[in-house]
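To keep things clear, I will list the structure first and then write my remarks on it.
Note that the chains take the letters A, B, C, D and E in the order they are written out, and that residue 1 is the start of every chain.
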Amino acid sequence: MKKLSLAKLYDFFAAIAAKEALYLPVNNEVGKAEYKRWSEGVELSHQLNTLRSAKDFFFPQTENLMEFKMEGKKIDIIDTREACDDFVIFGVRACDAASFDILDRVYLVDPVDSYYKNRREHGTVITHACGKPAETCFCGTFGIDAADPKGDITVWDVEDGYVFRANTEKGEKLMAATADLFEDTDDKAVKAEQDKVREILAKMPLADLTTEGVGAGLTKEVFDRPEWASLSESCLGCGTCTFVCPTCQCYDIRDFDTGHGIQRFRCWDSCMYSDFTKMSAGQPRPTQLERFRQRFMHKLVYFPDNNDGVFGCVGCGRCLSRCPISMNIVKVMKTLAKGGNK
Amino acid sequence: MQRIGVFICHCGTNIAGTVDVKAVAEALGHEAGVVFSTEYQYMCSESGQQLMRKAIREHKLTGVVVCSCSPRMHEATFRKAASLEGINPYMVEIANIREHVSWIHKDMKEATEKAIILGRAAIAKVHLNQPLQAGESPVTKRALVIGGGIAGIQTALDIAEAGFEVDIVEKSPTIGGKMAQLDKTFPTLDCAACILTPKMVDAGQNEKIKIFAYSEVEAVKGYVGNFNVSIRRKARYVDETKCTGCGLCTEKCPQKKVPNEFNMGMNNRHAIYIPFAQAVPKVATIDADYCMMLKTGKCGICSKVCGAGAIDYKQQDEVIERQYGAIVAATGFNPIDAKAYNEYGYATCPDVVTSLELERLMNAAGPTNGTLLRPSDNEHPHTVVFVQCVGSRCTETDERGKPYCSKICCMYTAKHAMLIREKYPDTDVYVFYIDVRTPGKNFDEFYRRAVEQYGVHYIKGMVGKVTQNGKQLRVQASDLLAGEQLHIDADLVVLATAIEPDKTARSIATMLTASMDTNDFFTEAHPKLRPVESPTAGIFLSGVCQGPKDIPETVSQASACAAKVIGVLAKDKLTCNPCVAQSDEMLCNGCSSCEKVCPYGAISYSDKEFRGPNRTTLIRRVASVNPAVCQGCGACTVACPSGAMDLKGFSNKQIMAEVDAICQ
Amino acid sequence: MPVTEYKPKIVAFCCNWCSYAGADGAGSARLSYPAEVKVIRVPCSCRVNPMFILRAFQRGADGVIIAGCHPGDCHYTSGNYFTRRRMTLLFSMLDYLGIERERTRVEWISAAEGAKFSKTMNEFCATVAALGENKRLEDLRCKK
Amino acid sequence: MSHSNNATEQVLRSSGVDVRKCMRCGKCTATCPAFDEMEYHPHQFVYMVEKGEIEKLAASPSIYKCLSCFACVDRCPRGVEPAKVVEAVRLAVIRQQGQNHMKSDDIPALLDEDMPQQLLVSAMRKYSK
Amino acid sequence: MQEMMEKRALELLADGTVNRVLGWSVGEFPYDMTPAVFRSAEDLKDRFVYNDFCGANLSKYLIKESKGEGKILVFLKPCDTYSFNQLIAEHRIKRENVYVIGIECYGKADVEKLKAMGLSGITGIQMKNGEYVVETVYGNKTVKASDATAERCLSCKSKKHVVFDELIGEDGDVVEDCNRFDMVEKLEAMTPDERFAFWRGELSRCIRCNACRNVCPACSCEQCVFDNPNSGVAQKAAVNSFEENMFHIIRAFHVAGRCTDCGECSRVCPQHIPLHLLNRKFIKDMNEFYGEYQAGADPDARPPLGTYTKGDREPNEGGNK
């Protein structure tokens, strides 16, 4: 473990930014944290988490896939993949860091998504352990430790500075490149910080949330639960939960006629939308009930089913605070836990 | 995918002179979906059309783009040609490369580029065109003529003659209009009444003609073939069906101090009156503004003397609705108000009169029983001065006047001068003119007769001012040819006031959705080729409402107008424009936004059953468009937030495809 | 017209009855206006959906003008009155968003006003040319 | 017409009058109170300017006989404004003479709400000949 | 308030006037109430809740609910009654199937404001005497209720219920000096460059989640043009600045004259874009150009874009500085 003094944090940023793009949470014009590229004078946000998740770095909202040009009967396909430069993300919380594993399970398995892979390979993730969790946090439910996030490097706030720990080769390389800023330290301060945070987490209202009633192998039971009707009743069918979610990974592929060619791009899609996976035969999920159920079935049942019991949720709590009508995965889980196992 | 043929017209050198037509044909030939592209000397010619038809056959075209003159010119021609080969006519689009390209751009490169882009836009549109079927709507076999002057009467008589019903709506108590007020007519000097009144009687007696006198059009709904018109029948307080027109009431009425409008207010009439002896319908009317009974409830004399029991003080205005296939505007004219012309002293000197007033002063049925007497002292005038062009031919700097020539003044002034000299040879008559305009059969001969035979003094120059000088009028004028300023002591000054469309014409035009020019004359569909039709289908124009005219011209236009009306009424069905709005019921919310902007009331709503998700049934309120009533303006399409309402032939996607092609 | 290299793209929506005929009139009278103006014929100015205007800007137009019958002369009685309200609001909104208001315009041009059509287009082109390229409502994908 | 092109242009420009709008009705002359005093009458001014005969007009005393009463302007049905033509010719003459006797400082005191300013200016030029 | 509402709802359920109640159900936290339909007295007693954080406008749910069997009871705040009335005007709600109880409102609270004060780990909020005692795992804090009032409620246009079958609490008045156009005016006073910069900053955050549209009572289309692949303008993501502009301009235009200014769009925006400023611009312009008009105030009134006068201002005249 290495220690960075309070005063040297920005030297560290400058050292990275000198070589590659550095992104970190910054307060925007409305005072909310969002990832922005660091340059001289940009301040790290002290908020718990960003409004949008960190998945944008590897799975951006829109991405050009290719372009076609047509003349007469000839079609030219143009590869528009951009070479990705190395970049560093600083300040990723434990939940978002865990979400990368979930995305990897989707995009890095065969067939590998080359666009995603390209970004993933070039990105270095520096996580930042949570110091002041919020009531909406429930990462613990999915076995994520907010006090010990993953990532290439992990950073903890301690009283008089920051403690860094490289977890991967990438992380070590980065630390080595900036070694002169650091001094050696033991893990005492980190342990104390971790204990403090874990204690707070235990007091949080969602600390006792469990995955009872959901999980791998429960498709039939959960799917048929009558509660879906009342749970989904007030859902507006917007995509807010999907788009702020660090693990939602669905996209749509669209063509755009620019007037001098066709651009094929992909963009986030939401299973909450009426045209999600619409096919020529029609809409497989005709009402909001089916769409709503799909989203939670996917995260809580289908995904664990296909991924060794790993849930498709990291408990970041974004959907809890962002849903226009305050319906969310916690309410769903609690409802399903009640009177389940029929 | 359409199979599109592109045809570029040279229009002689009109297009080919500025646009490289070969390059256009070549470029457009590479566009997606284009399977044939060529250019030709004159696409609209018989051989040009044959060329197109042959290409449609040989290349199995499904869509056609013609790059030529304005679609307003030959769209119909090419659509017809295409339809002869079995292509739906609405699969043809025109790219206007003459009016919008070759005629306005000089640089060949620039013009050719633009022509190609306009061609691309048309091709992009044709890709999205759908075959459209023109609907049919029935024709109500009855015409409405608004205005009962000589124009309206003639039109009505001719329509009736062809066997169709026709209604005349006239706002005054009798038909006859301005002509009824005239004494003699030029250039023959027949008595106006002698030639007009038989026509009035004919109209009154014709079974096919129904006269709604003392009535006004209140609202017009519908469209060509199917107009629905509300007519307000103003209360006469006399039962038209009972009144025999004996006139006893009009003699006994104690209220005698009502200015007589028929005589231009130069004498009085009674509160109950028949405008003139030959009125049609010859029915008395009570003037509610003056009738003691209606105002105070005390009198009732007319009711007592009426043997027929026709007086009805409780009569109310009545609004009736009638259906028509065509409507004729024959709203006529009025002289402008000469009061604004201070320099001529019309407002202050009683012996300054307008020409129409002079007509009455010389008419046997007029206030002086046909003897020419001065209004001030009822004496014979010995010197009469006529002033031409009062209020005509003015620029906008003179807001009192009109920019146009009123056309009839030169001739009627010659007539007046001649008549005065004939009846009263001791009278000196001066006519001050700017130009004497006599382009008509026997017109110039007539004017020369006034000068040569009757010794009327025509002086080139205008009158500067007229002032009262004792009992006489001092006229200061210039004689431009002599280079003198004249000071004439006249007994009577007659102003040839400009004529203007009747004040009611504007509101009628609005009801008819017929367009007007800045002078409030109705606009004709084409100044040369369609002079008696309004651009609005089913609306026709008769008489001075379209522009200044004399009587012979008015009558010929009235008959021409009748012929056009008969053309509509003779059809059993009219084909409707298929480019109308259509509501996609799957998208419609039934929110009624579209209905609020539809000028024709073509949109209605109904609750319909739809298949909902999971085998449920939903009932939704949805809009539907009556294609016979919709005229295809597209106002609804923009009001509709969901895009459910779209316009056939000009759909959102078609227009956006054009935008895309143009901006490419 | 100032001499300039830059030529703006102008889309002119013209109603069939007045302004398109006015454009034809300008052609018949050989009254020139820049070739950058391309006319799209619509039945009535009220057919012009704000989406078309934005679409034109997206696709690279630098100015959009809508021409219709003079108020009161609409072939369909009231279409241009609605156009007037809609466009008043839309233009005000575009301005509110900081998009140059001179890029959009409504003109009333009758069938007889070929001269006005030509004059209007010349003026509008000059105005838009002075503003330069449309940057605030552009869609970079559509740029070549 | 060519011989006095410059003078004609100057008159046309300084008067702002479009003489081609005249339809030769003579109403200006008919209404002119100074008719008897004038060699050339208002309509002639307009016509002669159109023909380019400025020298004749400039040499004529008519330019000083015009009262600038503006009756001709008021009465002209075509908005030609003959008095402005007379004024323009007069101005051309005065400019040529290089004389302008009234000082501009004197003008404000002479201003009157109801008085057309042009009348004041023309009167000043006329009497300071 | 909650007791009165619950009592009345139970009575109306019991006497058969209604068979359902549309209200709010308890959340995980003191502030995250979800709109819900209650079908039984038990359910109502179990889950029904009403407090200062029940801000959602329930009127849009009635499009679907009023087409169901029997009558539904709905609780509407004053601003919600405007939306309800507007939907009636657009024939989207079957009035006869709805029993409206108007509830008085003195402004709703916005938990984001509490969070912005640094309050985190909220476990309870006690409301009394115009103050909130916010209990958190990090300690308690007392906050003036007015400091937590939702932004939209600070410029409340009306405390009057324009439609109701009965009222709980008092009916208020239209607020004459609500200052709701202050920010619009401020923007209007800026230079075009400043305005452009402002809106680019705001709209560039848009993630096209459609929350604004889906919550909007005026956006009640069967299918939005932006979702309809046949419309030619369908978009799924805010790909670039143009599409962000396009979506928000067209959406504001589509609801112009129909938007009642309920403020839901801005409330739900996860990116905190002040979308109501677009709608308010249209409202302000329409008021200024065509006379005062409040959508929803009178369901029979003619909306500004559904009518005209011959002397209307010309589009080229301009409205802003």
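To be clear about the criterion, a residue touches a chain if its C-beta (ideal position, glycine included) is under 8 Å from a C-beta of that chain, and two chains touch if they have at least 3 such contacts.
The structure displayed is predicted, hence computed values, not measured ones.
Q: Going by the stated contact rule, which chains contact chain A and chain D alike?
A: B
Q: Compare the CA centroid of chain A with every other chain's and tell me the farthest one.
A: D
Q: Whose Cα centre is nearest the centre of all Cα atoms in view?
A: C
Q: Could you let me know which interface, A-E or B-D, is made of more C-beta pairs in contact?
A: A-E
Q: In whole angstrom, what separates the CA-based centres of chain B and chain C?
A: About 31 Å separates the centre of chain B from that of chain C.
Q: What is the distance, in whole Å, between the centres of chain A and chain B, each centre taken as the mean of its C-alpha atoms?
A: 72
Q: At what distance in angstrom does the C-alpha mean of chain C lie from that of chain A?
A: Each chain reduced to its C-alpha mean, chain A and chain C end up 47 Å apart.
Q: Hey, what residues on chain B touch two or more of the other chains?
A: Counting only residues that touch two or more other chains, chain B contributes 597, 639, 652, 656, 660, 663-664.
Q: What are the residues of chain C that contact at least two other chains?
A: Correct list: 50-51, 55, 59-60, 72, 78, 82, 86, 141-142.
Q: Can you list the chain A residues in contact with two or more other chains?
A: Where chain A meets two or more other chains at a single residue, that happens at 256, 259-260.
Q: What are all the chain pairs that meet the touch criterion?
A: Those chain pairs satisfying the definition are A-B, A-C, A-E, B-C, B-D, B-E, C-E.
Q: Report the residues of chain B in contact with chain E in the complex, numbered from low to high.
A: Touch residues, chain B against chain E: 586-593, 596-597, 605, 618-621, 639, 641-644, 652-653, 656.
Q: Which residues of chain D touch chain B in their complex?
A: So the residues of chain D in touch with chain B come to 21, 23-32, 35-36, 41, 43, 71, 75-79.
Q: Spell out the residues on chain A that touch chain C in their complex, using ranges where they run on.
A: 256, 258-260, 263
Q: Spell out the part of chain B that touches chain D in their complex, as residue ranges.
A: 343, 389, 393-398, 401, 434-435, 460-465, 476-478, 480, 483, 485
Q: Residues of chain A touching chain E in their complex?
A: It comes out as residues 28-32, 34, 48, 51-52, 61-62, 132-136, 200, 203-206, 230, 233-234, 236-240, 242-244, 252, 254, 256, 265, 267-270, 273-275, 320, 322, 324-328, 330-331, 334.
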